[in-house]
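In this document, chain identifiers A, B and C correspond to the written order of the chains, with residue numbering beginning at 1 in each.
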Amino acid sequence: MERTDNPSRAKILERIKAALSAPASPDVPQTYDPAFASVTDPIERFQRECSSNNTECVMTPSLAASADAISNVLSALPAGEIFVQDSLELRGMASAWTSHHIRWSSTVAEAGSTNKGPRETSQATITLAEALVALTGSVLVSAECGGRGAAFVAPVHIVVAKAGQLVPDLETAFARLKESGAAIRNSYLCLITGSSRTADIEKILVMGAHGPGRLVVTVALGTE
Amino acid sequence: MRKAAEEFLRDAATKSADLAHRQIIRQGIDKYNEAFERGRARFFNWEAARQRCSEIKWEAVNHLDRYLVEFEERVKARGGHVFWAENAEEARAYITDLARRRGIRTIVKSKSMVAEEIHLARALEKEGIKVYETDLGEFIVQLRNEPPYHIVTPAMHLTRADISALFKEKLGGIDTEDPPELVAAARRWLRQTFFAAEMGISGVNFLVADSGMIAITTNEGNADLGMSLPRIHVALAGIEKVIPRLEDLAILWPVLATAGTGQPITCYNSLIGGPRGLNETDGPDEFHVILLDNGRSELLADAEQREVLHCIRCGACLNACPVFRSVGGHTYGTTYQGPIGSVLTPHLRGLDEFQHLSYASSLCGACTDACPVKIDLHHHLLHNRRNAVNEAHRPWTERIGFTLWRWMTMSAGRFALGGSIGRATLRGVYALGLESTVLDPLRPWTKVRAAPHIPSKSFRALWRKGIGTN
Amino acid sequence: MNSVNRFSCDFCDHVQTFYATRRRESLPAAGDQKPAQYKMKVALFIPCFVDQLMPDVGLDTVRVLRRLGFEIDFPNEQTCCGQPAFNSGYWNDARPLAERFVRVFRSADTVVCPSGSCTTMVRNFYPELLSGTALRDEAVQLGKRMFEFSEFLVKVARRTDVGATFPHRVAYHDACHALRELRLKQEPREILRHVRGLELVEMQYSEDCCGFGGTFATKFNMISAAMGEAKTASAAAVHADYLTSTDPSCLLHIDGILRRQNSPVRTLHLANILARTEIASECTPQAAASENAR
């Protein structure tokens, strides 16, 4: 029998309301400087941040050139399967990726499973992105970009992006998300900044904890 | 004295004297401080950022009911469940109930202070369910069967040698002290668990009211694996974790990262709005958010200390605290350590039993300076002390002592006379070579430091005689 | 919310304006042959434990202020600012002390105190302790005209060179209240830099608490000692001859640790150093105290 009752809900809300009847002194909002200096050259800033956070950023003149750059990355990886987001653009680029067997995100899952995400044996995943953020050198992905696991399961995650997707800062990124409805359509979004890492051992930074040890972002300049 | 206080004193004495331990912690903190300084410099105006974050949390906490209800509505609209838990027991019961009904055998867990607070893992294990910590630091302390040492870096008290020995014993097939190899070993070992687990449990950094999404921050990506592979995702949050808008994260995420580790922003900042969407490739079938009260609504009613609920659990105050550096995280014996733990725990678990944490501070104020949401931490320690006195939790000897002290200091004559007598006594005691013995009135002082030189005349006496100031 | 930042800014402005006006009125006219007869008067608050255990700090504070031309008043009725009770949570016992303090110093134009923590108590905590009482506003005003010793020298007397000589290697410990509550960091250092022969060295972790913390020092002995040892290690690492600070309470504690360690490092309060006008090879508090007691 499903548990649908939650009597504590009313009790907690009542207590909260009663608690807030004693107002705390409000801090008068001050006029203050912005927290960050504005980003004047987003492309340059994005590249610089990527090299700080261990994202391999590859600028290319076109999606076709991006496809070739990705082909180079793949040919250096062990042979096997790669997981690719099933989108028109990526379908168009896939002919360049002959080194590996492609499993598309639309491939029907194994019997009894609802998980069409990348398999543990995947050598890499390739997805699109919602946006790129220059201030922090980040990639914003969503569930629509091949699913949640696409950004985490394989040791290499490759993102295919276009220069028009680059926004200067986080505020703009959130505004875009709201405008496009991506926050409503998707059950999952993730702002990725660099490759997976941990400093839990003696505060020494080690790359490649549970997520990918390598994040590659191809940016096709001169495209929308 | 209460048991918790006794244990604290005993552990504090042991750890303060442990030079090797102090050295390890010092090195860890030094690394953090360097990283933080670099991180702070990236801001155009760090103080402005702190102010903004403090305002966001003020708005959220002071309209808590509104924002929590908004959050809940939006989560439910997308097929998620929201359960309001009055206390630890209710929260545990909901989760164990759910796990039982769904036939869960294996759970992967990412970092959650609330899960620690309610002792969740133990309750699940009693049901025969295996719970695996996936954050590397938590994974390590789980293998050692000890609680986390620090809310952000749970294993900061261990050397690579310690961890290597641990992995060798518990995981097998590993013989290295190289940190990258140790990390790779943990990754390999946990991989099969991620794929086998039927439930993922996570904490929550922020509940975003206007979007009905929870925000989770990790560097490792472990939380995300735990909410893409298993079929059920359960997220635990204190009710105070709510923020009004999605765009508030534009400042909260960088500030949390900078204060927490000195990074410009943490590697993975995820937003989850529900179970797997209709056309989505993967993700859980079910999404449950547990909103835990457990004493928070009472703290909310305390208008003076309400801002303690603004805490974003960054750990900066722990790093700044000289007491934490001396005794380490385990000594506190509580879920929340360091200055925030000392301020908060009396409210969540009782002032009488946990007042000692508020007294175990020199009130240096480093925590208040460090707090990225500008909580007046060290002043709240003082407020807890005042409350302890006013609620009559202090020893009667101390109360009499201060009454006597007040009587003495309310009159210059009594003060001067009392001082003369005191000094004469001490001079006599020390002249007899009795410093630091049981007959030494200053023994609490002289146990660990030399007695001060006791002058024969006070300043006021010398002043009156016009001596020595020309 | 932490309001100290904003408070300090208002406070500095107030100080600059009020005292600049006062001093202009009191300086001798150009061309006067005789030295000015008018001396600015300051009242001295000597912390309770300085009065009883470290009178040399009080005496040297007076020496320095007199040398700079100030007239000193020591209101005899003073005892304690109330901080020990306040910090232990005994606000109902601290409150009458605070009210008494405000009355004792109500007629003083300026109060100087050789202790950052006592100055903090009055300026930063009396308003809260006395909130809702008749003396609260008066306490706020008193807080604006009471200064820690180095703060007074730099911001009111506008003297960073006080004519002192002390040819030794000196490290400065940033006492917590002076640093974080009064926001004093450069002021004591500026004064020390102008002392002839003095070599000022920066210790690592100079801003870390020394571990005194009032009753913390005895209630949590072992932690206090560990923090003190970290401080003495910092001083030893820079081979300081002397360790100084604005706060005698810190120095009492640090000195106790140093003596137990048989360390060659000695402690002296800022006032002790600034009072030295001739070259002296031995400047221990003991020597100073016995000299004063004669």
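By definition in this document, a contact is a pair of C-beta atoms (placed from the backbone, for glycine too) under 8 Å apart; a residue touches a chain by one contact, two chains touch by 3 or more.
Because the structure is a prediction, the values reported are computed rather than measured.
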Touch-based graph of the chains, sorted into line, ring, star, complete or other
line
By mean C-alpha coordinates, which chain is most distant from subunit A?
C
By number of C-beta pairs in contact, which chain pair leads?
A-B
Between subunit A and subunit B, what distance separates the C-alpha centroids? Give it in angstrom.
30
Roughly how far is subunit B from subunit C, centre to centre by C-alpha average, rounded to an integer in Å?
34
Measuring centre to centre with CA averages, how many angstrom lie between subunit A and subunit C?
55
Return the residues of subunit C touching two or more other chains; collapse runs of consecutive numbers into ranges.
1
Shared-interface residues of subunit A (touching two or more other chains) are 27
Sequence positions of subunit B contacting 2 or more other chains:
47, 54, 58, 307
Touching residues on subunit B, where the partner in the complex is subunit C
9, 12-13, 16-17, 22, 26, 47, 54, 58, 307, 322-323, 325-327, 359-366, 368-369, 371, 374-376, 382, 384-390, 394, 398-399, 402-403, 405-406, 409-412, 415, 419, 422-423, 444-460, 462-464, 467-470
Touching residues of subunit C toward subunit B in the complex: what are they?
1-2, 5, 46, 48, 50-56, 58-59, 62-63, 66, 74, 76-80, 82, 84-93, 96-97, 100, 176-177, 180-181, 207-209, 211-228, 230, 252-253, 255-257, 259-260, 285-286, 289, 291-294
For a test of understanding, state which residues of subunit B touch subunit A in their complex under the given definition.
27-28, 31-32, 42-49, 51-52, 54-55, 58, 62-65, 68-69, 78, 83-86, 90, 94, 97-98, 134-137, 140, 153-156, 158-160, 163, 179-180, 182-184, 186-187, 190-191, 194-195, 211, 213, 219-222, 224-225, 227-229, 231, 239, 246-247, 249-251, 253-255, 261, 264-277, 280-283, 285, 287, 291, 293, 297-298, 300-301, 303-304, 306-307
In the complex, subunit A residues that touch subunit B
3, 6, 8-9, 11-13, 15-20, 22-27, 29-30, 32-37, 49, 52-53, 105-106, 114-117, 120, 136, 138, 143-144, 146-153, 169-171, 173-175, 177-178, 183, 185-204, 206-212
